[in-house]
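Okay, so chain A shows up in both of these, paired with chain B first and chain C after.
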Partner chain A sequence: MYGRKACELVKEFASVGKGQLTQYNSDLFEQVVAECSQHHLELQSLIRKMQEEGLDVQTARNADHYGALIHHLSLVRNKRCLMAYVNNRAEIIRSLLWKIGSVLPKEIEEKFSHTEEEYFNKYSGELKKYMSKMELDLTVDMVPPKDPYIKVRVLDDIGDGIVLSDKTANFARHSIHFLKRTDAEQFISRGLMEELTG
Partner chain B sequence: MASSSMEGSMPTMDEYEALLSTTDVELLKRAWRSEKAAPEILRYDFDLVGRVTEQLQLMEETVDEKSTSGADPLSLSLYQMDLDRTLFLLRSYLRIRIQKIEKYMFHIRKSDELWNRLSKGEKDFASRCIDDLKHHLEESVLSKLPENYQSVEKQSVISEEDDMVPEPRLDTFVLCRSKEYLSGIQLEDGPVEDRSKLFEMEPGVLYFICYKSIKPLVESGKIDLL
Partner chain C sequence: MAKYYDIDDIITEEEIVSVIFQKPASGVGIDPSSETDFIETGSKVELPFWLAHELQLRQAVSVHVPPCFNQKTRLEIQADSASVDLRSRCPFFYEFGCKIAPIVSDRTIGFLLLSAFKSRYKEILTKAHTTAFAAGSKFWTILTKEEISLYEAAQAAMVSFKKWRRGGPRFQIASILARKRKSTD
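Then we have the complex of A and B:
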């Protein structure tokens, strides 16, 4: 059936939870693209046939006209599915930059296609440019602050080479610190610290 | 408010609130709330952001000064908290706008009215983002499709309108409150026979209404979204 593969592609994207990414399915993607080319070939051959029969392609309403129309509509539908797939993925890719930062873990990066990787890096650059122009880092401070300081536990050996805005400390694994929220947030989002509440 | 003159120098609660509601931080909070609730991008308040940025710098200086002069740690932390909250508001305001711009960049670029609601920095950012996403879509999809189907904005060459551009849904419902008595609001939803009736809004009362109907009033600042 026409359009089934494209539908599968979109469904696959939607099958995982909101904000999550599936492996870029280049196999299925290329199959849909091939289907598009096939539709286009058949569309053209039907139009040629009508021209050979001396019919006016614009006004003739015979079986071949409707055949061609179906190929055209199937192609458009496939295009919309392909675009939706890439565009929605791009939206998630952008959100990853906000949630995780410009350095992504390998498990996530593996799910990208080559152009998606490129797109992520470019987007990261654009956002940096905007933020440096505003002289404001927008990626921190994602939740309204209750207290300027929070208690955190270090989850990984991140060493003592880190200088925070108001002090330096030895951030050995499992040590607990009382830090400025804005300083700690970048480490929390990278999974290197966790906030202790209560 | 009428009673205020009688009570002498002590400001009444109303007066105090009225005073509070005109500070820049409060104005920013309002702009932030409206921006958050509106489905489309609203006008960038250039002057307000400028003033808040200046105030933030002043607050930072105060905090620095107090922390070096060994002031009371409690008052210092209150100053710091105030600073952090304002900073959060500003960041969040800019963030929400950036996210809207990203989502509807092609749509915003097409209309001069929407485009001019962006700040200079946002315009630069949006232009670059459009180029990047266009390139990404072309590389991934469009270059592989037959010639007549390669447009980002149109489904195919025979489409008369741009039918591939995501647009914000202006018919969503929003929670809003008016500052003054408003009348003659044309409802854009509901049964056809009801649409000719004009709708009135009392000040300070909450309404749940279709965004499209009050769009001009939000843009002119008469109605705040919540």
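Then we have the complex of A and C:
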């Protein structure tokens, strides 16, 4: 059936939870693009046939017209599926930058296609440029803190080479620190630290 | 075209409906029972909704009521709407119903959708607030996509209400990473 592969592509995207990414399926994507070209060729040959028979392509309503119509509709449908696939992925990729930061875990980065990787890096670059021009960090928490410092526990070995804005420390696993909120945020959202309360 | 990029909308429109061609069409391979690539007037073909709908607008086909809105389903919904397995009939039962209703001759689909949704909605909300069903339990398997998101919304609202009352850390690991980490522990 026409448009089946394109829908498979979309279903694959929908098969994981909201906000999650699947591996970019370039193979299936190419197959759908090829199907589009095939529809285009058949559409053209039907139109040509009508012209050769001396019919007015605009008004004639013969079998060839409806054949061409079906090919046209299938092409438009395939295009919609491809556009939706790319667009929704791009939306997730942009949200990753806001949720996790410019350094992504390997298991997520692997799922990008080459162009998506480029897109992410450029988007991240543009955001950084904008923020430095405005002299404002837009990625920090939107709610004003009651206390500029929070207590955190380190969950993973993140090494001691990290320089924070006001001090350096050895962030060994399970150690507990008192950090500036703005410094700690990115580590928490990446799952390397957790906030301690009470 | 507000829903042009909407994934659920695209999947809904892939539902199969059976149509009868009112006009012949040539050069297309959409009828598996036909040996040539020519479709005669009067042939019965199963088409995805997106194609059937556009052809119907141009009076090229007439559309039959899809099996998920047949008499059997109606009777089951009348008997005990909450335990009807709508998911296996069509995961987008309501959305698909809204799309199909204007193009078929049957005028009762709207009423069917409304009464089914009203009675099932009550049941879903009650269950969402009282019990936590594990994903994959029997209760889940009969809900449509719309009903599942309602159920999840109800539960999420409850969770964030409890969190607000209790207080707790403001910062948490990004939700996209959280699930993965748990599975590796």
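Keep this in mind: the second predicted complex is superposed on the first by the 177 of 198 C-alpha atoms of A that agree within 3 Å, B and C clash if a C-alpha of one lies under 4 Å from a C-alpha of the other, contacts with A are read in each partner's own complex, and residues count from 1 in each chain.
What we mean here is this: a residue touches a chain if its C-beta (ideal position, glycine included) is under 8 Å from a C-beta of that chain, and two chains touch if they have at least 3 such contacts.
From a predicted model like this one, the values you see are computed outputs, not experimental measurements.
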Message: Which partner chains sit in contact with A:112 here, chain B, chain C, both or neither? Use first/second/both/neither.
response: neither
Query: In the superposed arrangement, which partner chain does A:63 touch: chain B (first), chain C (second), both, or neither?
result: second
Message: Just checking: does A:33 make contact with chain B only, chain C only, both, or neither of them? Give me first, second, both or neither.
response: first
Message: Contacts for A:171 in the overlay, against chain B (first) and chain C (second): which applies, first, second, both or neither?
response: neither
Between chain B and chain C, more extensive residue contact with chain A: C
Field: Contacts of A:144 with chain B and chain C, given as first, second, both or neither
entry: first
- request: Examine A:19 and indicate which partner it touches, taking first as chain B and second as chain C; both and neither are also allowed.
  value: second
Query: Just chain B (first), just chain C (second), both, or neither: which does A:96 touch?
result: second
Field: chain B and chain C footprints on chain A, overlapping residues
entry: 80, 83, 87, 141
- line: chain A partner, complex, touching residues on chain C are 4-8, 10-11, 14, 23-28, 30, 38-39, 47-48, 50-51, 54-55, 58, 60, 167-181
- line: chain C partner, complex, touching residues on chain A are 1-3, 7, 10-11, 13-14, 17, 19-20, 42, 45-46, 61-64, 66-71, 73-74, 77, 80-81, 83-84, 87-88, 96, 99-100, 105, 107-108, 141, 143, 150, 184-185, 188-191, 194-197
Chain A - residues contacting chain B, complex: 33, 36-37, 40, 72, 75-76, 79-80, 82-83, 86-87, 90-91, 94, 113, 115-116, 118-119, 122-123, 126-127, 129-130, 133-134, 136-138, 140-141, 144-145, 147-149, 181-182
Task: Provide the residue numbers of chain B that touch chain A in the complex, in ascending order.
output: 77, 80-81, 84-85, 87-88, 90-92, 94-95, 98, 102-103, 121-122, 124-125, 128-129, 132-133, 135-137, 139-141, 144-146, 149, 155-156, 164, 166
